[in-house]
Amino acid sequence: MSPFLAVIARDVRLALRQGGGSYWTLLFFVLTVTLFPLGVGPDLALLARIGPGVLWVVALLAAMLSLDRMFQADYEDGSLELLALAPLPLELTVLAKAAAHWLTTGLPVTLLAPALGFLLAVDVTAYPILIAAMLLGTPVLSLVGSIGAALTVGVRRGGVLLSLLVIPLYVPALIFGALAVEATLDGLSPRPHLLLLGADLLVALALTPWAAAAALRLNLE
Amino acid sequence: MSPFLAVIARDVRLALRQGGGSYWTLLFFVLTVTLFPLGVGPDLALLARIGPGVLWVVALLAAMLSLDRMFQADYEDGSLELLALAPLPLELTVLAKAAAHWLTTGLPVTLLAPALGFLLAVDVTAYPILIAAMLLGTPVLSLVGSIGAALTVGVRRGGVLLSLLVIPLYVPALIFGALAVEATLDGLSPRPHLLLLGADLLVALALTPWAAAAALRLNLE
Amino acid sequence: MANLHWLANPGRFLRIANAVLPYLGALTAALLAWGFFAGLSAPHDATQGAPAKIMYVHVPSAIMSMAIFGAMAVASAVALIWKHPLADIAAKASAVIGAGFTATTLLSGSLWGRPTWGTFWVWDARLTSELILFFIYLGYIAIWQAIEDPNRAARAAAILCLAGSVNLPIIHYSVEWWNTLHQPAGLLQGRTDSSMAVPLLTLLAGFFSFYVTMLLWRMEREVVGRKIRQLRLLRAQA
Amino acid sequence: MPDTFAASGLACIRGERIVFEDLDFSLTSGSALLLRGPNGSGKSSLLRLCAAFLAPAAGALTWNGTPITADRDAHRARIAWAGHLDAVKPAFTVAANLAFWLGLAPGGAALAVDTALGPLGLGHLADLPAAYLSAGQKRRLNLSRLSGSRAPLWLLDEPTSSLDDASARALLAVINRHCDGGGMAIIATHQDLALDRVATLTMAAP
Amino acid sequence: MPDTFAASGLACIRGERIVFEDLDFSLTSGSALLLRGPNGSGKSSLLRLCAAFLAPAAGALTWNGTPITADRDAHRARIAWAGHLDAVKPAFTVAANLAFWLGLAPGGAALAVDTALGPLGLGHLADLPAAYLSAGQKRRLNLSRLSGSRAPLWLLDEPTSSLDDASARALLAVINRHCDGGGMAIIATHQDLALDRVATLTMAAP
């Protein structure tokens, strides 16, 4: 197995084994979404209107909740030093870890989105675009989040700081993602929003590994 | 200073220093609330209707995001062993730590709730009940959360089952809390919901320290 | 030993800053005084009346709030690439000032919004993006506080600043994708009457000069503060 | 009257495997017990049994003849613990770290923070953030708690690891003083510790 | 032709304080360098400099005369690192832990997992979850990576801490074998390590 794949496989296996890390995320996603009918009341028209937005916000929060898993444990047990010395460039290691994070949060959340959209009475016609938007947007959450996770890796339990750093960087993905679904529901074309999401993803892919690797290096001093 | 207060003071100071002063916690609430208009769209009438539900979700999040701070760091650096051997009974230590957790999450979100309600255009008449419900409900989140935090400290085996145990315990507080505010907005009496919240808090106060302390002892073996 | 001491260069900076600061302060005061006087004594806007005077605070501070972040991004890049010790001090010292201007923009805009739009706050693209800018400033300030060692904090903050600056144009141009209540840009395209434009531009210069004054003053304090800190640490070690 | 801490027929199971069986020892006030043996022979596990973190699979630990499980609160008050981990919060200064633990100590601290930092030579680091400490300095900070402790039974897990020679000697002096004052200590170690009154228990690999 | 790893005029600043200045050493293939000195004298910091985690405040480290910063990738490939922390994931088995690191090793692993577990006597624990390991066993698991490494420069921080005598001897044998094969090692330690060809660098307290 190539080192890149080995890192992905290791992180995915760790997420699945340790205290059900990724199940927490999914449970959180389901719970928070189902909370809205309880908190907002059973008005289906209302739920349908807020549905796409709620799904996006909760997906974002779910990704953020699990971000500190990305580097913190490796930092604290000394694995990060070894990863930084491994022949695999640290930028690729970051990419592999972001991929593992996405596989255990963004992907399951995307797959679950239609089911939860159903609970929120979101119109079925919007599902293909919802899934497409999430497939483009959730990797951005993992990639951009890797910068925040890397910056706060030396700060023990920097959860609040991490979210403070990351939320502003998440805003474009959130806006375009939600707008794509809304446009579809309003009978407009979601294309421009999806293209912008795609551009966001490309920028994130190109830049975040460098930024996160630089942040990790400075925390290894 | 009594040992009980000393533990509270230490945990509060740690929360304030490590990865976030208290004002960062406040910022986190504002940021998270901001996400909802971004996702759902700028319609104020719509926001006003989902406002109370959103505020409760944020309170839950604040509690969940910082739960692992309660015991995990102390477990990993060996402090938990010393706390377990200290003359203060472990049940009281748990209570002190839950109190510190509430002081740094539940209390600030409660105090900020009116300001956040303002951003979401929630009707001003609901604020007193919103605050009352949050003062009753957020301690439950910290107390019940302490069981989850204690059970998952260092345990890699049954994480899924354990979180499944805790989440249903959260739901009553969230439902009654949101219903109390909704009732007020609909011109009904919030009293039954507040009473139920109070009962929930009493039960949590009476039971959770024992459960969490037992769970911690199990993890010190 | 001499080249070990990174304060060697900042020492020269201290001398220069000390010499320049009084003049800058005077310039700032003059520009602001004249600008506000001219702005307030100009005739009221025909449609908006007296509240439109808020413009003289709102518009320059809005422009400064964005310009300062741009300056911080440049300083961060310089600090990362050329490791110039003053660059990260400049970025750090700018952040609080920029956050102040952003807060001023938000507040003055809210006050202005009440008479014109009938509400203090709407989730409009321009307003929201300014709010996000405020959050980015706060995150930047927060990371400086979270990391104890100033050399590491500087680099972490610089990375964050550059990442945040990629985000800024996206937020800013979202005005075009999201419907907005807010005024479109017009000031700098010469569509504004000169009775308003002249005081506005003067105030903009005044705000800018205020920024430079505050920046130098804060940088001075930072340099001195670091020196004291270092001496204290040296004593702790001895 | 001297106290006695004793084990009889002790057995320990960890991770479903028997670590040791039929272990006996007896320790009286004023002396120390060194636990020696290869890695995995159960030294740390025995210390955890002594602190009642773990329950024995068979046998019992007694204090003056009474099983320690009879009065857990009393037993807890007897113990000063220094494990593998240093219980140091990087965000606090050296002095603040120590002050918290001394403030929690059974029956109040025997020493002020400044005095407690002295024996292991940390006085000059008092105001430094603990994040700046080297491995050995961190360990010394953890061990400094001991000189401020009134607890009669000290349980130490490889206390000299990461310590330089001078600090290791200082630690031995602290332990000797504790034993001279009628205390006892159980110390897991891989090094030869030259203590005044000491017995050695060598554990076999499982 | 033997390689040379050397430092000249090295200075290190950490937490805004000078840890050491004007440090020189030179190491050639086939020999080891022991770093000795009191706690806080900068042994671990020097190792971090050698691994290029830290940048020197002055001076330079060179490999055959070329500064190590000239080609960071090449330098990374030269290093095998074993720090204070064991880089062991409790959720994985002993074998799985080792397999991951060997799989990442520069130029592929020199040894299979089973073979690499041998020298430090962990073979019989291969299928145990690492959560069950004792302190010394964890450390041995981390050190087992070394016998499977082709890297010429080993950087070890207190490798014998928590090791029992037999394991410490086994580790010394592994290091000697590495040096015999033309490798070099820099080892921070507080103990006397009886290696075959060794120089000692004693660092002063700052």
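Letters are used for the chains, namely A, B, C, D and E, taken in the order the chains are written, and counting of residues starts over at 1 for each.
Just so it is clear, a contact is a pair of C-beta atoms (placed from the backbone, for glycine too) under 8 Å apart; a residue touches a chain by one contact, two chains touch by 3 or more.
In this text the structure is predicted, and so the values were computed from the model without any measurement.
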| item | value |
| --- | --- |
| Interface composition of copies chain D and chain E: same or different, split at half | same |
| Most widely separated chain from chain C, with each centre as the mean of CA atoms | D |
| Distance-maximising chain from chain A - centres being C-alpha averages | D |
| Centroid distance [mean C-alpha coordinates] between chain E and chain C, Å | 48 |
| Distance between chain centroids, defined by C-alpha means - chain D, chain E (Å) | 30 |
| Approximate Å spacing (C-alpha centroids) for the pair chain B, chain E | 45 |
| Chain D, residues touching no fewer than two other chains | 84, 91, 129, 131-132 |
| Shared-contact residues (touching 2 or more other chains) in chain B | 18-20, 24, 27, 31, 34, 38, 41, 76, 156 |
| Where chain C touches two or more other chains, by residue | 132, 135, 138, 142, 146, 148, 233, 237 |
| Residues of chain A that touch chain C when the two form their complex | 144, 147, 151-152, 154-155, 158, 161, 164-165, 167-169, 171-172, 175, 179, 192-193, 196, 200, 203, 207-208, 211, 214-215, 218-219, 221 |
| Residue numbers on chain C that touch chain E, as the complex places them | 1, 3-4, 148-151, 229-230, 233-234, 237 |
| Residues of chain C touching chain A in the complex | 80, 132, 135-136, 138-139, 142-143, 146-147, 152, 155-156, 159-160, 162-164, 166-167, 170-171, 174, 177-178 |
| Chain B-touching residues of chain D, taken from the complex the two chains share | 48, 51, 53-54, 73, 76-77, 79, 81, 83-89, 91-92, 100-101, 103-107, 142 |
| Contacting residues of chain B [partner chain A, same complex] | 18-20, 24-25, 27-28, 31-32, 34-36, 38-41, 46, 49-50, 52-54, 56-57, 60-61, 64-66, 68-69, 72-73, 76, 152, 155-156, 159-160, 163-164, 167, 170-171, 174-175, 178, 182 |
